[in-house]
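Two complexes come next, and they have one chain in common, chain A, joined by chain B in the first and chain C in the second.
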Partner chain A sequence: MEKVKLKLLYSDLKPELDMIEKELEQAVDSESLLLNDASLHLLQAGGKRIRPVFVLLAGKFGNYNIDVMKQVAVPLELIHMASLVHDDVIDDSETRRGKPTVKAEWNNSVAMYTGDFILARALEYISEIDSPKLHHILSKTMIEVCRGEIIQIEDKYKLDQNLRDYLRRIKRKTALLISSSCELGALVSGTDEKTAAHLRRFGYFIGMSFQIIDDILDFTSTDEELGKPAGSDFIQGNITLPILCARKNPEVYSLLKNNLGKELTEPERLHIVKTVRDSTAIDEAKAISERYLQKALEELAYLPKGNANKTMRKIAFFIGKRKF
Partner chain B sequence: MEKVKLKLLYSDLKPELDMIEKELEQAVDSESLLLNDASLHLLQAGGKRIRPVFVLLAGKFGNYNIDVMKQVAVPLELIHMASLVHDDVIDDSETRRGKPTVKAEWNNSVAMYTGDFILARALEYISEIDSPKLHHILSKTMIEVCRGEIIQIEDKYKLDQNLRDYLRRIKRKTALLISSSCELGALVSGTDEKTAAHLRRFGYFIGMSFQIIDDILDFTSTDEELGKPAGSDFIQGNITLPILCARKNPEVYSLLKNNLGKELTEPERLHIVKTVRDSTAIDEAKAISERYLQKALEELAYLPKGNANKTMRKIAFFIGKRKF
Partner chain C sequence: MNEQLIHSKITSMEIDVLRAVKQRTLEKFTEGPSVERARLFFLLLPYFDGKHWSGEIEASAKTVSIVYAALHAHDQVKENASATKKQQLTVLAGDFYSGIYYQMLANLNNITMIQRLATAIIKVSEKKASFHDGLDRTTAELDRSVQQIETELLATFYNFYGFDHYTPLATLMLSYIRYKDELECLQGGSETRIIRSLNETLQHPLHTERWLLEKLDNLHDQISLTINSYNFNYDLKNFMLHQITPHQHRAEQLTREG
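Right after this comes the complex of A and B.
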């Protein structure tokens, strides 16, 4: 339901987004039945298509040509999809958005190769664009996204890590791809460099805020809203901001420490989720997310007024307030 | 030992190959300890570096500049390395070239992400090159390599597949990357299109021959020579050319059919390997490999004589005769 509401915010873009949706379906089409099934499964699991949206909106600050924008929006969403399917292998996730993951429906190998295939498709799109600068930004982004995932493996189950470790991780995991979506949308539509830089920073800040909210929701939403058990991050050993805030209380610290990496019973899981949810951690984490949101809004203030600016602003506010 | 002999064939290129080796080491370097360990493990497991060799040799037909050649040779070897580490996940391989695989030494997740990281590094190199045509060839190659792997999963355990299925698979799995190495080496050194096309076809034919020999050796070599148990392909359900040839005998067909996908005892494995090895299948498969080898040599005949041509010829012969 919230997803529907978010889509209302960019209803102006509906015809273009429908076009991109069709293009995504074509992009994952192949001769292989298995691959088609797995890719379509992933595609139909939906998602907010927030990266294409930001590409298109950023393009509105320059010479907007949907056929050109599409060439960037599609591969960026494909890179995101590929990273999701590989994430599920790492986190051993059974469900995503209420549906079984590719690794659960098939197995780890299929998930790995579906991701590889989708990534290769993304590259095919990118290779059609004749801009070394764009290629450079995209490959850098892919490297950082990928590094972020490796660091996420390394940082798992480490309750004593720094806030900085967490921020670095979500930057690579989420913020960079959204930041690049904004920057590349600006670049291919030929905005001036200053505009592109503001859009890039807007994307970065909004991406940070977005991921922090995501990590909060993992504790505050119901299982049904999440489409997976609440507290999944903790169960998978991912130390998120709410956990980093909650651990400051020595009693909560002991509870977390004693249960990290353990096979939890249902009452144990619910107890941990409730403890974090009822602590001051949620408000502290929200305050940090809010700071990023404000920074994002500041960047928008430097940009020309108009519909695109207004929509970006609305999306930013929505992200700050979203419930799931 | 055979690897040493192969290296003698291109000893002229040693200084350049040493340079590429160093560059590969740098390429897989990252801030992540885990990633460094896994990548170096993979790099040090060696390999023939046949793709860089073909890039360099193809470059000798044009304006050879090692700094430019390097920019293509390194990512091509990285793509190959990344595909190996992902293959090991799919095939559940414990050893490669006598050493534990990344998935065996660590686990499937690490193998998946090490592959992703190495691939991302390859892209970083590629993105430095300002040639849309080159990007296009490379991304097409990556897609086909990846599709080949998916088809390999789909075709597993299917004893009744066609020869064509097998040839299509090894084309995508091996021949295309070698073919692209030759073509891209030609392209970046600015040869004319005809030369580049002959080199591309040479690479394709030699790649096909190479992979068929590899599949034969899986039956005819000892476990020590292979660095893994002989008959691994059959055990993993990969239906290779020797199996396709051997199945024509009804008794052998039954033996294969009854044991495909089964957990084999040591005597059962040895019996199957011996049966295929002692059948006419090996000679039939060798004859097909030989045909590809001849086609490769024909392509060389169209190219200017000289050291590079001679070395390519020697490598082609070596591949046809190699024992492991």
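Right after this comes the complex of A and C.
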């Protein structure tokens, strides 16, 4: 339902997004039936397509030409998809958006080849654009996203890490690709540099807020809403903002410390989720997300008024208040 | 160019490649990037053979080597194993190396090469997936897949810089190396995807072993013939035959085994 609501916010873009959806399907077409099936399996699981949306919206601040915009929007979504299929191997995930993951439906090797195939398709597609600056930005982003994931694995089970570690991690893991979506949309539509910089920062702030909310929802949503057990981040040893806030209470700290990395029983998991949910941690984490959201809105204030600005504002508010 | 200079150039390239993909955590917890010297040799072959060689060509050659390392890292991910730290970081190693090669080519403003390599990776991924799709294949089809997996990236590099005439020889020699590794795995009691597919087609590990031995003999004969059709100098030819694909003929092997 929430996904539908989010899509309503950018319903003006529906014809373009439908076109991008078709392009995505064509992009994963392969002479290997197996790769074709696995890629379509992933594609048809759906998604918010938030990266293409930001590319298109950013493009509205320049000379918007859908044929050019989709050359960036499609590969950015493909890069995101490739990372998801590999992430499911990393996290050993059985389901994604309520459907079996590629690794669960086939095996880890097929997931690796599917990810490599989709990523190569993305690069094949985007290299139609002969813009060194675009490729510098995107390649740097891809490396930083990987670094973020490597650090996330390094920082697992480290309850005593600080807020800066967490923020740096989510910047790389999530915010950079959204930020780049906005920046590249601005670049290919030929906006001036100032506008592109505001859009890049908007994407960064909204990406930070988005990830913090995602981490909050891991504790506040039900298993059904999440399509996986609530508290999965904690179970996997990922120290997210709600945990960092909750650990300030010595009793909660002990509870978390004693259970981190342990094989949890169902009652133990539910107890931890409830403890974090009932603490002040959720409100504190929301306040930090809200600060990023405000910064994102400040960036929008520098941009020309119009439909794109209005839609970005609505998306920002939605992200700040989303329930799952 | 004598043997020592060839070794030294390969080592220098190997060091450059390892430096380009260096990452502390990956180094600590994974096997590290696989940079095979035989592949480096073939990437450098035009240079050894005295062809026009520029800094740009050498930088591109390094990126091809990094792509091989990226794909090789993902080959190391166990088919059905759960997510150990090593496995998780091996997945990320492959993705990280992919980012590095893309960035290196972007820095060279070689956008066309980015596209050509991407197309090659698609073909290689498709061929690798063909070993998992459960379809029956003849040994000739499996052989074509192996050839493409081994040489598609190199052939793309050769084609881009006008070195296509090395492709047939590289295809023979890299296939030889791959089948030699497969034979060693089989004889050592381990099973790879290629061995499994050959076993399925040939219906018995002994038949697979025989097929591999004959294949190696055949490839070696073809290599010997093909190599003479090139105008390589003595040292280079010698290096290829004795350092890259040293061969023990099946008959010799059988005699030795008694």
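Definition applied: the second predicted complex is superposed on the first by the 324 of 324 C-alpha atoms of A that agree within 3 Å, B and C clash if a C-alpha of one lies under 4 Å from a C-alpha of the other, contacts with A are read in each partner's own complex, and residues count from 1 in each chain.
As a working rule, contacts are C-beta pairs under 8 Å (C-beta built on N, C-alpha and C of every residue); 3 or more make two chains touch, one makes a residue touch a chain.
Worth saying up front: this structure is predicted, and the values here are computed from it rather than measured.
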Quick one: chain B and chain C on chain A, clash or fit?
clash
Touched partner set for A:E193, first chain B, second chain C, both or neither
neither
For A:S30, select first, second, both or neither according to whether it touches chain B, chain C, the two together, or no partner.
both
Touching partner for A:E251 - first (chain B), second (chain C), both, neither:
neither
Which partner does A:D67 reach: the first (chain B), the second (chain C), both, or neither?
neither
In the superposed arrangement, which partner chain does A:H136 touch: chain B (first), chain C (second), both, or neither?
both
Quick one: is A:E124 in contact with chain B, with chain C, with both, or with neither? Answer first, second, both or neither.
both
Touching chain B and also chain C: which chain A residues?
30-35, 86, 89-90, 108-110, 112-113, 116-117, 119-121, 123-124, 127-128, 130, 132, 135-136, 138-140, 142-143, 145-147, 149-151, 153-154
Using the touch rule from the top, collect the residues of chain A that touch chain C in their complex.
30-35, 83, 86, 89-92, 106-110, 112-117, 119-124, 127-130, 132, 135-136, 138-140, 142-143, 145-147, 149-151, 153-154
Counting only contacts in the complex, chain B reaches chain A at residues 30-35, 86, 89-90, 108-110, 112-113, 115-117, 119-121, 123-124, 126-128, 130, 132, 135-136, 138-140, 142-143, 145-147, 149-151, 153-154
Flag every residue of chain C that touches chain A in the complex, lowest number first.
23, 25-26, 70-71, 74-75, 77-83, 85, 87-89, 91-92, 94-96, 98-100, 102-103, 105-107, 109, 111-112, 114-115, 117-119, 121-122, 125-126, 128-130, 132-133, 193
